[in-house]
Amino acid sequence: MRHAMKGSLMRDWNTQARNRQARLARAAALAKGKVVAAADAGALLETVLEPGDRVCLEGNNQKQADFLARVLAELDPEKIHDLHMVQSVLALPEHIDVFERGIASRLDFSFSGPQAGRLAKLVSANQIGIGAIHTYLELFGRYFVDLTPRVSLVCAQAADRAGNLYTGPNTEDTPIIVEATAFKSGVVIAQVNEIVDALPRVDIPGDWVDFVIQSPKPHYIEPLFTRDPAQISEIQVLMAMMAIKGIYAEYEVDSLNHGIGFDTAAIELILPTFAESLGLKGKICRHWALNPHPALIPAIEAGFVESVHSFGSELGMENYIRARSDIFFTGPDGSMRSNRAMCQAAGHYACDMFIGSTLQIDLAGNSSTATLGRIAGFGGAPNMGSDARGRRHASPAWLKAGREARQGRNLIPRGQKLVVQMVETFREHMQPAFVERLDAWELAESAHMDLPPVMIYGEDVSHILTEEGIANLLLCRTDEEREQAIRGVAGYTPVGLGRDKRMVENLRDRGVIRRPEDLGIDKRHATRDLLAARSVKDLVRASGGLYDPPKRFRNW
Amino acid sequence: MEKLTFEFFGGAPVNATCAPALVGVVGSGNLEVLIEPAALDGACAIEILTAARGFGETWRAVLDDFFARHKLADVRISINDVGATPAVVALRLDQAVEDFLGGEK
Amino acid sequence: MTSYYEASARERLHALLDKDSFREFLPPTERVVSPHLVQLDTPAAFDDGVIVGRATLDGRPVLVAAQEGGFMGGAVGEVHGAKLVGLLERARDEKPAAVLLLVESGGVRLHEANAGLIGVSEIMRAVLALRSEGVPVLVLDGGQFGCFGGMGIVARLCDAIVMSEEGRLGLSGPEVIETTCGVEEFDSRDRALVWRTVGGKHRYLLGEADALVADDIAAFREAAIGLLDTTPDLSLAALAAEHERLGARLQKFGALRDALDIWSALGVAKPEKLPLLEADAFNAVVAGKRA
Amino acid sequence: MDVKILLKQLFPAGHDVAFDGQFFHGTGETPRGKVAIIGSIDAAPIGVELAFRMADDVLKIVRDHPGRPILLLVDTQGQRLSRRDELLGINGYMAHLAKCLQLARNSGHRIIGLVYSEAVSGGFLASSLLADRCYALPEAQVKVMNLPAMSRITKIPLERLQELSMTSPVFAPGVLNYLKMGAVHSLWDGDLSERLAEALDAPAEGDRRRQWGEEREGRKLARSVSERVRHAAS
């Protein structure tokens, strides 16, 4: 006891703060106040960083601290090595280069999209040690528990000389990263597009930021959520009709999140036409946790939508958002403030429904986007697409789903989230969406993962929607019923052809499986004419000219 | 490419004055369906030229269901396919029959 | 309003011509398909991507052809080209009010490149021979694949071109130029640049197209009807006047790098606003300013 | 063949051809009288200026020398690939050249094309293929595209294209393929001035390329298909 006492008395309780001061002192000569010239960015990082540091490099699924990523990747590995990267998205080649060049060696992340192939190669060559692949909220949570960054490299639209940051519409991950770093004696370095005297608004207070660097070019933003209505097929229109009539209307889905695919864009685009004709305006789809999808413009203009909170922004939507501040979350300056962590929490706890697409679904309803040779990770879908066990507030949709899941069982009443997987039975090149065994198993084996990477677990899935019908898994009482319900909407895939026809017909009689005709939908009405906008130009028209799409989406 | 042929029996002959109909386009993920009256001793003959090899069983299943929906006799259906999914195939077949029989759209 | 851009070639004909007036020559049931595609293990189409026939337009007899961009980008192969040539020659026999060409083509079909190139050359000769005999040839261009390659030359051999903003008209496609000369020369993914370089509005302003209509089959129909009384003129005087126009274009615009500069030089006050204008508003703004 | 040697062989009685960059023009003496010459060298890419320049000559010939035959000696690698040419409407300039040649044809001028070196794709369309008859020297290079590029774009294996090109004239480069398909009337060898005289004596007979292609079994469908459309009952 005396020893322990003595030890705790002798312990230095402020090593992190002093280490921070030492780093800042080393770097002081490079900075004018907080401002560092772009040419000195490499020197700054080499001075501030220490081998073995845990570093958060801001890479979201849209906004990228691309200049700092490049500078980091060009550091001398003799001096800076064994970094432990913690970041939500690996999107740029530089995100992988830092491992190839030996600057970093460990990685905890959430999503790797475009770099998934290179990442898999480096993992098999043992050049990256992956701690874990997370969902967004999970990774953000760990920033405050056991993965707190020592140094964070973030990006913002603008800074003033005091280090205050304006992140603009694409605020995304910046607040959560800076908060975790700044309040645990870390160092925050921001790349900004411009340094100005007065910011439109302050998104990050200056005393949480240590250095700002004006990047030679504005940071890269990917227009990830723009779907050209011209590419929506009549099959997708049919599925969208089924979704609205068979799920949205039946459950009175009022708060929701949509995936980013064409299937859900089709739903957004037939709200003002098909859903309106069913008298659903004001009854469904009023509140959204969603990026500002251009495809949502016609529904907003038609008066369907009351609020939208966003993870990030979308290029070209700035003026539209500014002019629709009743709908979007905007600052006093008029521009949007997004926040990935907040929106993820909102989507998880405060939404009745998640609906999105996937690549593969197995016989238990587990779904995965994993393919062999690519470690793509998860992103936010699992947070959206899982029942919120901590939810306590009621809504018609939540209660009805809960009732259906508990019918005939002696359980205390509680609600449940609707989690809908919407897929065509075959993807491009005749790849079946339904499989006996997910490719995720093989990927797990080849990449030595603890678990197969499942995007949404079958136990969380409430409905599977295909062009053949809707399977309501809430109503299934046995594993066998569940399997047949899935086979019963799997169309002409081998899984679908393997159905027990009698049992499927029986499930259909019970309303577990419902075909378009059971929903009173005439397939012949499923044409592109139902889309409130059939081209990007129609979206511009619907926005009254406020939407300014990126060049690659124009044909005028 | 692969050539597949199917024949179905037991349908009802269509009005011989039905004009041939063509729907769809031979483009990626799509197909064209040509449907026309033909003296086939009561058969409905379907001939497919497809760019996607090895899906004979899938075609069989799609066409079984198609014939269950539309019991045609003395009809020839010719298809040029560029890897359309069964959903698109079924849709085009239904559209072709509708045009062929002069149904209202 | 039915979108011309989205419609198939058959749908365009159906909606453009007088109701139920269209009769097809060598219809799909004749199965005159390309033998060359089959040899290369490539799917063929029963009409080889072009529909030819006769019809009436506003009660007047016309011969008409429509290329289907969805099939091999509307590219011209041996059969496809021969159907067009046959139609144009038939017009020399029949002397219809006009021949309508609903073009949508990337040019020559590479799978049968030599046959396609010669076919395009024959189409060119046939158009010129027909016009020499006084039958006007009218071009409608508003499909997804635009009108490029040899068909881009064919279109400009005709009496008049009706385009929508979505339509494109040129010789070498942006992808071809980018692949050969680099992205600095032509960024084919910058679709705004692509459209203001080869799109309907620029073509109309430059005097290459004769009417700029909304993306609506009815609007194309109306414009085509308005052009039925065009009289072909291949006289020395007419070509000398055209020569002067083309020479003046090189003089005035030859050193300009972007369509915006050309529009500005034409006296359009806010050229950057033009792409956003609907057809009617656009026509009003540019009235009297075309080259 | 070098163009100066070519001109000497075509016009042993003399010519006054003048060169301006890759363009040349002038007249040549033949036993049948003067022939107007328009041409290009060094595999010139045909852009807006060159097409315009050639059209200019054609119009002058029609205006000032009624009936004088026109000989096209165009060496071209194809259309000029540039954004500027597209911006200015290069297809319209080529069409204008074609219209001017049609005017000449309608006004009684014979138009003869001789591919003496290279003729590619759009450049070929806008030059020698516009003639009443197109001829070629045996060493001429004629094509739309080489096979590796074709393979890349069509995604058909190069080996398959190479194999099929042994038996099919339909897609592969080669003047013999164009001869077989009827686009090139005949190959000129021996005394070129005699070949030219023969060409000048040939009847003006409209576009007979489909017939030649059928007779030579290179293009078996074009004639019959066009005839069927022309004469189909309706």
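In order of appearance the chains are A, B, C and D, and numbering begins at 1 in each one.
By our rule, a residue touches a chain if its C-beta (ideal position, glycine included) is under 8 Å from a C-beta of that chain, and two chains touch if they have at least 3 such contacts.
Everything quoted here is computed from the prediction, not taken from an experiment.
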| query | If you average all the Cα positions, which chain's own average lands nearest? | reply | C
| What chain lies farthest away from chain D once each centre is taken as the mean of the Cα atoms? | A
| request: Kindly indicate the chain pair that has more C-beta pairs in contact than all others. | output: C-D
| query | What whole-Å value do you get for the distance between chain B and chain C if each is reduced to the mean of its CA atoms? | reply | 33
| remark: Per the C-alpha means, the centres of chain A and chain C lie apart by a whole-Å value of 44
| remark: So, in whole Å, the Cα centroid of chain A is separated from that of chain D by 59
| request: Take the average of all CA coordinates in chain C, do the same for chain D, and state the distance between these two points in whole angstrom. | output: 24
| task | If you connect every pair of chains that touch, what shape comes out? Choose line, ring, star, complete or other. | result | other
| task | Report the residues of chain A in contact with chain C in the complex, numbered from low to high. | result | 230, 528, 534-535, 540, 545, 551-556
| said: Applying the document's contact rule, which stretches of chain A touch chain B when the two form their complex? | reply: 233-235, 424-426, 428-430, 467-468, 491-492, 497, 523-524
| query | Touching chain D in the complex: which residues of chain C? | reply | 23, 25-26, 32, 35-36, 39-42, 52-54, 78-79, 81-83, 85-87, 89-90, 93, 108, 110-122, 124-126, 128-129, 132, 149-150, 152-157, 169-172, 174, 176-177, 180-181, 185-186, 197-198, 202-203, 206, 208, 234-236, 239-240, 242-243, 246-247, 249-250, 253-254, 256-259, 262
| What part of chain C is in contact with chain B in the complex they form? | 8, 10, 27-29, 31, 38, 41-47, 49, 68, 70-72
| Sites on chain B touched by chain C in the complex | 1, 20, 22, 25-27, 30, 32, 34, 36, 49-51, 78, 80-82
